[in-house]
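Order of writing sets the labels: A, B, C and D. Residues in every chain begin at 1.
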Amino acid sequence: MYNSIREECGVFGVYSKTPTAVANSVFYGLYALQHRGQESCGIVVNDCGVFSYHKGLGLVNEVFNSENLSKLPQGKIAIGHVRYSTTGNLTASNAQPIVVRHVKGPMAIAHNGNLINALQLRREYELKGAIFHSTSDTEVIAYAMTEARITSGSIEKALETAMGKIRGAYSLVIMSAKKLIAARDPDGFRPLCIGTLPDGGYVVASESCALDSVGAEFLRDVLPGEIIVINDNGLTSIRTHCGKKGTMCVFEFVYFARPDSVIDGFSVHQARIKAGEFLWQEHPVDADIVIGVPDSGLDAALGFAHASGIPYGVGFIKNRYVGRTFIQPAQGMRENSVRIKLNVIKKVVEGKRVVLVDDSIVRGTTSGRIVDLIRNAGAKEVHMRISSPPFISPCYFGTDIDSKDKLIACKMSTSEIAKHIGADTLGYLSAENVVRIAEEAGTGFCRGCFTGEYPIEVPDEMPKDKFEQKLVE
Amino acid sequence: MYNSIREECGVFGVYSKTPTAVANSVFYGLYALQHRGQESCGIVVNDCGVFSYHKGLGLVNEVFNSENLSKLPQGKIAIGHVRYSTTGNLTASNAQPIVVRHVKGPMAIAHNGNLINALQLRREYELKGAIFHSTSDTEVIAYAMTEARITSGSIEKALETAMGKIRGAYSLVIMSAKKLIAARDPDGFRPLCIGTLPDGGYVVASESCALDSVGAEFLRDVLPGEIIVINDNGLTSIRTHCGKKGTMCVFEFVYFARPDSVIDGFSVHQARIKAGEFLWQEHPVDADIVIGVPDSGLDAALGFAHASGIPYGVGFIKNRYVGRTFIQPAQGMRENSVRIKLNVIKKVVEGKRVVLVDDSIVRGTTSGRIVDLIRNAGAKEVHMRISSPPFISPCYFGTDIDSKDKLIACKMSTSEIAKHIGADTLGYLSAENVVRIAEEAGTGFCRGCFTGEYPIEVPDEMPKDKFEQKLVE
Amino acid sequence: MYNSIREECGVFGVYSKTPTAVANSVFYGLYALQHRGQESCGIVVNDCGVFSYHKGLGLVNEVFNSENLSKLPQGKIAIGHVRYSTTGNLTASNAQPIVVRHVKGPMAIAHNGNLINALQLRREYELKGAIFHSTSDTEVIAYAMTEARITSGSIEKALETAMGKIRGAYSLVIMSAKKLIAARDPDGFRPLCIGTLPDGGYVVASESCALDSVGAEFLRDVLPGEIIVINDNGLTSIRTHCGKKGTMCVFEFVYFARPDSVIDGFSVHQARIKAGEFLWQEHPVDADIVIGVPDSGLDAALGFAHASGIPYGVGFIKNRYVGRTFIQPAQGMRENSVRIKLNVIKKVVEGKRVVLVDDSIVRGTTSGRIVDLIRNAGAKEVHMRISSPPFISPCYFGTDIDSKDKLIACKMSTSEIAKHIGADTLGYLSAENVVRIAEEAGTGFCRGCFTGEYPIEVPDEMPKDKFEQKLVE
Amino acid sequence: MYNSIREECGVFGVYSKTPTAVANSVFYGLYALQHRGQESCGIVVNDCGVFSYHKGLGLVNEVFNSENLSKLPQGKIAIGHVRYSTTGNLTASNAQPIVVRHVKGPMAIAHNGNLINALQLRREYELKGAIFHSTSDTEVIAYAMTEARITSGSIEKALETAMGKIRGAYSLVIMSAKKLIAARDPDGFRPLCIGTLPDGGYVVASESCALDSVGAEFLRDVLPGEIIVINDNGLTSIRTHCGKKGTMCVFEFVYFARPDSVIDGFSVHQARIKAGEFLWQEHPVDADIVIGVPDSGLDAALGFAHASGIPYGVGFIKNRYVGRTFIQPAQGMRENSVRIKLNVIKKVVEGKRVVLVDDSIVRGTTSGRIVDLIRNAGAKEVHMRISSPPFISPCYFGTDIDSKDKLIACKMSTSEIAKHIGADTLGYLSAENVVRIAEEAGTGFCRGCFTGEYPIEVPDEMPKDKFEQKLVE
């Protein structure tokens, strides 16, 4: 709500031992992953090889209702996707999973991530006669698999070959006529985990909170580079592309993931508490109360309070009816949009020296308004603490931290930003400590957006508008 | 409404001399072609090579509104499509025009017809790595063109090559970055005509009534086998595949086309008047009044009345609010659905010997109910006259006359049908005369559904459910 | 479509011997009466004294669907209403039937007509403490009944008393806890008829076509001034206010009613045929073809053709998908709206002397465009014949012929109008003959809009915007 | 979400010095009051005496959009309402404000509360000829005012008289052609406050958080029994019915009101913190962590933690996309609905002795599921603390605590409830202390639902289904 940094996608898949209303499980799973993408969603059900699907623009409980869910047949396998995407325009046509038919039959793919060689591959396939309907990377992955499938003995072998071609961040959930397949790129940029169902079936999901939502038990994370194949014989693993420790996006821990998820073995909530503790160590301050900016600053504020001994308080009430589509009837009231979503509890901050904890500052506008709210409510001092380092470089791996000229930290020093947003002091978590908030996790971290150093070679420039056709839905 | 025989599509394209609100012209054109397809529609606009589109399930004025039309940019070229289809499920994904990007850039295709070698071609492309998103023939045409485009100097050359591969009925409107292209299969199964705009631009449309709706002047029909290319240099013609006189679907004249259209040089209304005249010659009867079944039986009834000297009367009032989505709240009232749509004017038929003219009998159920209505209103005799021959064979060229077991004329003699529907006498237009209703038109005719003899070789059996994936929208 | 003259309402009621899905019957009845009002509609069901209802803005099959119809309970009595109204703004709040609760229990009222003393009565009730929620006359009728009910032994007695207070045009269908009541004003301005159901129940409706739609048999018209009471004991009649022969609105026969209805004993279709015959007698012309403007000019054109011996032709095709909500995307194309709805069949009029028959001319704009269409299609001469006299005076009895300054005939002579609309000659049906088109009907006629002489005293001026509150739905 | 206890309404009104887009202010105000009623809402604008309105079923940002807001005219006065109601069915017809016209002109009323003599008054008015359209108390208030208005010199005088007749809980916002009026019942059961606008205008609202949302400054609370009149001359007060200290519903502080509101001089958030502190004093326990049930248990949990010294933790993540219309596709999954909305952060509770704080227990079902969630996540002990006393008696003053047989505390002892919900211990705030959580507020309290003793005489039984007509929207 207060950040323009957005994750691109969440994926979910289920394999049931017996035909059942698998669409409902996917619905619940996507509902738990809604924070990973609010623009479109879709579910594909496999009923003995016949694929049925429904996709649309909107939130999971806007796109799906009991009527269309009940029209989807029962089956053993189903996959789903929620999407916010920096690649491809906002259109129903780009909604995932994509469902295609190739030489060996039907296939559905749901993808979270971003390829860095999508344009080159697309060009290569076009030169062989390929036709592209959408503007998403997912169609490129489909072609890479289809090409390999012609000479491969199985879909997982085709995927293994395709993973030798595609480069970048991808967590995939794929469905063929008889198999549910999950795969994670060799660097493990985006999370992906496996759960078991009471009936002996399996679930795969971007985050463990989605396993909880369907009553699945967490089994393990998919390894960086691993391909998981689930069919009637159970689960098998292909590890040809495995080997790296992984460079998970650290911003998943800072902001993207849900606090109740456990990613690569570490609790997101705990990581945020730790971020708050580090923040206190790095930027201590004499104050009367610590408050967090809802919702994503609350955990770090609690960590800061615990570490510092300064009391933790509830400073803001967020209007819980704020929806995706909140309207701004009056032009002149637009600057008040923060006030409509957040209100200060005066009693809590009046006359106090306040530590205000948030997860990030992108352009500075929202942070400035929030500091204003606190001051207008009578705070004597406002000390802003940010539970991540300043953004200074674009992200190539599936988020929309894409352009230096929108990032305030590329243009101002920390003290200038403090002045700009009206804070008495401002402290960011350091790039050294940000990777320590989850250091017990079984993965390394990508912190390219904070340092400009990326785990794999990135293109010279960020491609924009990869493909030119537009849709008006 | 009273027939289960449905046309599959209508196509429309516009090339304006200067960038303008071309989407509006397509909207009006599609609106005039609505009778050719009520299930989905779409418009694609080309704004300097960037394609923008909107497609959806529903009637033209349900899918489009001033808001989404105004979001489509201005441009010089645009194409559109209305669809009822026997190929591909009813889904937004199968809505046309399809918009794809291939090696030489973007392309949009709108197609009316049916290929008889679509399955073979699809298999062939799949074996080369092709991926299919939809279940329509149009995607096969796109692959045929894309394959040829790699080695062709232009899109029209690629189409020329592709037309050597695809077989069946097709009237195409295609848009590339800079060209509007129209083509008709070498047999000319489906209509396609060209008009000129006051500003020097061009319009192509399935029927001339759509030219009228945008104020275009009729120029000429596209020839069987002809490719028309329109760009800034004007209109050029490629006639490599021309030569045949054409075998236009005669049912276009009997039922599909709008009476105010002129097809291949002949007025549809006049053809229907003639059909009524032939009916009188073939099946004269002593009667008091001639009435037509609205709307498509009215013209032939007028022809019958003129030829016979029996007075023409208005026997039925059709509820003008009957929509596509008329609901049947009560299970038990379903048999009354004809009564809800049609009501008899008692005064007109009471105590009379009535000649009742309709365009066709498919299963006989609706005809039986209509005869009942007339009898209940007090008609002494009911003489049914049908302005086309009995259906005895499936259609392979783009209509849904698809299966012998649904066709009453395959199972009963004419006198048995008369008895079945409760008519005193029943007379069909003969297969000899049906092609004479428009004999002054510059085309021959396909009357395969009436004779089982087709102008080109047809498959042994009618493929059903070509592709298995389903969609739940 | 081509007239701005609109009827205000249609009413329907059903009394079933046993509890059944009465809402469905009302649905079908309203569907048949849709031409009498397209702006809102509603159904109220009485399930053992508990009234349930659904009302909304839109056509019957837009407002109702199988879901909301199935939510309405079964019952023995139900009433419904379709509305276009000159009194009260277009809002859901003004949708009828109105459902109220008064001292003796619940009551629902559906009203077709217009009171001429509504404002006085409203003021009178307000002075006694009454509160008005809507801006429709129906609430005034409700108060008149409620006031009388306190001292009356029954609802029909209360209505009898109320009918002594309210003046103007009203055809009412009223439902109480145990009764279905129908009543018509003493002058019988608007139609109302009774039918019997196969199960022994009754139906009341504005027009007989609605009886047909539910399989009811026509019993008789409600007499001017009559109150009909239907309950478990059957049908009884109160005739205190009866006595006048009636002065039915003659424009019901000319335009409002459906041709398949029989009103006060005479067929609407026959009346229109007769209007065409009188037109030929009054304004003969040498011509080649007679065509009618769809839909309401067609019958009179047929009568004109029969009387004159000039051939009857189909000159126009009306787009059958024209809906209430047809959009005009481009400002500049607005003048073409007639062209989009109507297209000429050139072959029929080209080079011909055409007699063009329509039911009325209001402002002249539409008529002018239609004449243009015919001329552009190549007609040599265009002779306009109008099956009613010129409008010269407002209507106080339930139509929107409300203001002299919009009526072309108040400003121009017939020859000036002919010139204005571009016709070679123009002939109106005379005020003498208009009442003869249905002279065998068992009623006299009001033709105030053609003569300025009304059957009852009318107010000095037409009240506008009776009440000031507005609604934005 | 987790309680079946619901407030019935929120009211809002604005008086601007100059005509402006007052509907927008009401929109923002209602949006801030959304928690007081989610079923319907409405806005009425007064543009120089002409009232325009829009009302509908749904949330504020579902019912209103920029299109319909922009259709509402500018004006100086406007009022609005959000509604959840125990009186009157859920229908658009019962949406408020109600807009009526009486002898002195138009009036709009928005009401929060519940009358205890509504039925008697309704009967009394019916006997005088009154007609009721809705089933809400608001119409009764309108009649009481209208009756008085006939003999009163002003609308405020009429209200003063009416307040002598109506008994129960009511906070009213009323608009006449020239005045904005606010009034609170003599016992002050429901909150109502006044704010000033920068332009010199005034705002009245159920809670102060709505003043904040439009940038108004808090002026003061409306006194119990006070009538506030705002017009061009400013604000005046009528205190005829004043005198009591007030018996505000204490559950407003416990649960209904937003924590950022200040009611009768005391901060709701502070009251909840205090409730947590009292809970610790009354029911201390040895534990490792204190967690609250989102959202309404969080403040009391913080108070409990502060008072006890036990660490405060975040134990639950609530899915922030939970909407009013969350669907339950699978019958079998219904019992998991809590799991879908709430998920436990395992790390926080695993192996811990947990104090779980919630605001109330109604039926016990939800509480049992929440305890289950915590136990399944590995908590060693679960000590439930409830920040209000047990419900043992119905509420007559505007909430839906209506029937003893649904209240678990009427059927079980505290230890039985503890066992029933699976908690190791259970402690409720005492009825003595619940009124002390806001003892510095300038009002007394009603705690009838906790004690069965009410500040004013209540009916013998709770009337249900006051009026029988139903609506199916």
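One rule holds in what follows: a contact is a pair of C-beta atoms (placed from the backbone, for glycine too) under 8 Å apart; a residue touches a chain by one contact, two chains touch by 3 or more.
These numbers come from a predicted model, not from an experiment.
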Counterpart interface for A-D, drawn from C-D, B-C or A-B and sharing over half of its contact pairs: B-C
Inter-centroid spacing, chain C versus chain A (mean Cα positions, whole Å): 60
Geometric centre distance via CA averages, chain B-chain A, whole Å: 48
Euclidean distance of C-alpha centroids - chain B vs chain C, Å: 37
Sites on chain D at which at least two other chains make contact: none
Category of the chain touch graph - line, ring, star, complete, other: ring
In the complex with chain C, residue positions of chain B that touch it: 21, 23-24, 27-28, 31-32, 34-35, 38, 59-61, 64-66, 69-70, 209, 212-213, 215, 258-260, 262, 267, 269-270, 295, 298-299, 302, 306, 311-314, 316-317, 319-321, 323, 325-330, 333, 336, 339-340, 343-348
Residue numbers on chain A that touch chain B, as the complex places them: 49-54, 68, 71-72, 92, 98-103, 106, 125-133, 139, 142-143, 146-147, 150, 467-473
